[in-house]
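Two complexes are shown next, each including subunit A; its partner changes from subunit B in the first to subunit C in the second.
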Partner chain A sequence: MKSEKIFKHTSPARVGIGGPVGSGKTALIEKLIPTLEARGIEVAVVTNDLVTKEDAERLKRSGLIDPDRVRAVETGACPHTAIREDPTLNIQAADDLAAEFPSVGIIIIESGGDNLASTFSLDLVDYWLFVIDTAGGDDIPRKKGPGIIRSDLLVINKIDLAPLVGSDLELMEKDANEVRGDRPMVMTNCATGEGIVAIVNQLSRDVLFDA
Partner chain B sequence: MMTLTDIIGFTTDENISGRLHDLSHSNDVEYIVLERENTLRKRLRVTGDKGTDCAIALSRDQKLEDGCVLHLDDNRAIVLRMAQEHWLSVKPADSAAAVELGYFAGNLHWRVRFDGDIMLIAIEGPIDFYLGRLQPYLDDGRARVLSDE
Partner chain C sequence: MSNASLLLASLQHGDSFFPSGAVSFSWGLETLFSEGALTNADDIEAFARTQLQGRWAGFDRSVLISAHDAASLKDGDIDELHRIDAIVETQTLAREMRDGSHRSGLALLRVHEKMGTPGTSSYYDDIRGNKTRGHLSVMQGFVWARCGITKFDAQVIAAHALCVGLLGAALRLGAIGHVDSQRILASLRDPIDLILCHEAPVLERVHAFTPHSEIAVMRHETADSRLFAN
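Let's look at the complex of A and B:
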């Protein structure tokens, strides 16, 4: 696999995906896995849930990934504590996956659903995405939460729902660009896969160094 | 794209400093300048001050630090420099305001340090964001900004 050619002697890229409950983080991962694998990048995933392993079980059942390459972290408390204040459990899970599957090129770490203040520790990940969705309201970008401002890549998901829920997609894009400066943003519809290639292109450039 | 996968040493290392000095005469030392937070990353794509597109991919046990040397040969060197940190100095009006301000900064997960009764807030993004959040304190006099250097 191509993963083995990319800095074989260093560890896989670690990419965080955060965002509010129901914004589409797991759905995004379900689209990223086959797109990355199609480019020869092997994937492993660490999920975070409050008191269950729901997201991990969903991915294991999906048929998209070897179930052994999915690990679940039960945060037991506010999800951001496990990705920012004390990411030990997630670091351990990622270390274990890297050791067990040396051909993996990227480890995706999905945060539990959280609020707009959620951010990842860069001790844990090399790069992180923040996912919001049009159904959450078109005022979300201009609320300037740290997740929106500081993430490496902002994803605005469920663009197909915007007209149905009265969200102004152009306004969301304009506000997001204003508060993020030159940091990138991608619009997605994870139900159809629209926008997924743009995300993978960004990851390929910034952390996989394949573009 | 130039790939950099190891920290070779530091600018102060005896076996490196002389070579860097020689290369600097021919202007062949390139610097990568990173904000403090970004030095925590093990993988990142950055551009050096001479325009070299660099892909840094370190093992998990290596850490980017000010002065670490990422490339060194007879023709060129690439050295990492940490960007100067900027701090917003805020002085609370009294002890009650200080307690409130401390809680507020902690709740926002701001990185702070203290100089006597002055709170120094690390600026890790647009300063307007910080000033905006502090505005209620500044408006009613519970705190005032001394400097943003």
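Let's look at the complex of A and C:
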């Protein structure tokens, strides 16, 4: 099934990645880049680091991506504002990347680590992922934040840590499905890459329309 | 437009709810606060006053007035707007001040372009095509004229937006609280009023003198802590 959403940004696709601090947003991007590129989809990234340019620098140094294709946008201590009420500077950074690198197929916008209530404006992105992790507690899906309910794709990351922190994975999955209805969810271990192919498949279908 | 609808238009464009990227800029405040040069509400108030009197009154205000005039002509005098833009570009020394002015001007223009404000779409193309920069005060004069905001109201809105931006940054840095920020905002009304009672310098004589904050903005380029873009 193809998404019924009307896409405002024809090309390249703009994909948001949100979620609490440390849930694995940057780690997910580090795994997505090579998997997408292997399928011939070029990637550019906008980061919204909160205090430093740490994530932007980490991606630039990673060797996974041309450093010029990574832009940091400062958000004045308002990470949620920059992806929702006033996404203008993130749009500007994405427009710059799209103009400078016409062959890019997907621009990923990583939100600064925020709370469960953060959501992306659809004026900024075509599609957005919300990343939570098992170490944050297995009651997170049950807490039903807008990110968990409304995101296009929910990612439950750090599944390797679940037994170590006493989180019940099955319960997380069940609760997430309950609050999300039939919207997709993927379990990942971004340290090893487990689950990444499922995410890329989902993106290919819903965002890039390569069925 | 009726009185109420004029006032409502001014409220809309002067409200920080209007998306323009303003939350990302501190105009030197982040550096001065982190270095301990500004510590309390009195310091923040003095900083805002200095920005109003030392920069906005003699520079941004004149730019805004000229841009409003040029945009108010039939079809708008686009060459003149480009010329004003070039003056701002060449007379803004610190890189992050210049970039901040360009980025926030472009952000403001882009929202108006999406909203269908007349004439904004071709100016947006001019900026994207590197024909001009789209500095904040130029874009304020331009788009607000196009929205039917009077030249006087445009100045009031711009001065207000500057103060709200600075106080919002100070609040988020933890330098002041929510009550202080409103008290300071009220105390800045008189200085703004006084500025508006005097003629603005003509474009050929614009000037700004705020070395403390400009040097802080230069140091910000290499600062470790970067909540803000300047």
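Structure notes:
Throughout what follows, the second predicted complex is superposed on the first by the 201 of 211 C-alpha atoms of A that agree within 3 Å, B and C clash if a C-alpha of one lies under 4 Å from a C-alpha of the other, contacts with A are read in each partner's own complex, and residues count from 1 in each chain.
Basically, a contact is a pair of C-beta atoms (placed from the backbone, for glycine too) under 8 Å apart; a residue touches a chain by one contact, two chains touch by 3 or more.
Just so we're clear, the structure is a prediction, and the values are computed from it rather than from any experiment.
Per the definitions stated earlier, placing subunit B and subunit C onto a shared subunit A by superposition produces no clash, and the two fit side by side.
Look at A:144: by the touch rule set out above, it reaches subunit B but stays clear of subunit C. In the superposition on chain A, A:73 makes contact with subunit C only, not with subunit B.
When the two structures are aligned on the shared chain, A:58 is found in touch with neither subunit B nor subunit C. Legend: residue contacts after superposition of the two complexes on their common chain; A:127 is shown touching subunit B, with no touch to subunit C. Residue contacts after overlaying the shared chain place A:92 against subunit C, while subunit B stays out of touching range.
By the document's definition of touching, of the two partners only subunit B reaches A:181; subunit C does not. Using the contact criterion defined above for the overlaid structures, shared-chain residue A:206 touches subunit B, although it does not reach subunit C. Smallest inter-chain Cα distance, subunit B versus subunit C, after superposition on the shared chain: 8 Å.
Residues 123 of subunit A contact both subunit B in one complex and subunit C in the other.
Residues of subunit A that touch subunit C in their complex: 49-53, 73-78, 81-82, 85-89, 91-92, 99, 123. By the touch criterion stated above, subunit A contacts subunit B in their complex at residues 6-7, 9-11, 13-14, 84, 95, 98, 117, 119, 121-123, 126-127, 144, 146, 149-150, 181, 205-207, 209.
By the touch rule above, subunit B contacts subunit A in their complex via residues 1, 3, 5, 37-38, 40-45, 55, 57-60, 108-109, 124-126, 129, 132.
By the touch rule above, subunit C contacts subunit A in their complex via residues 17, 19-26, 103, 106-108, 110-111, 114, 128, 168-169, 172-173, 224-229.
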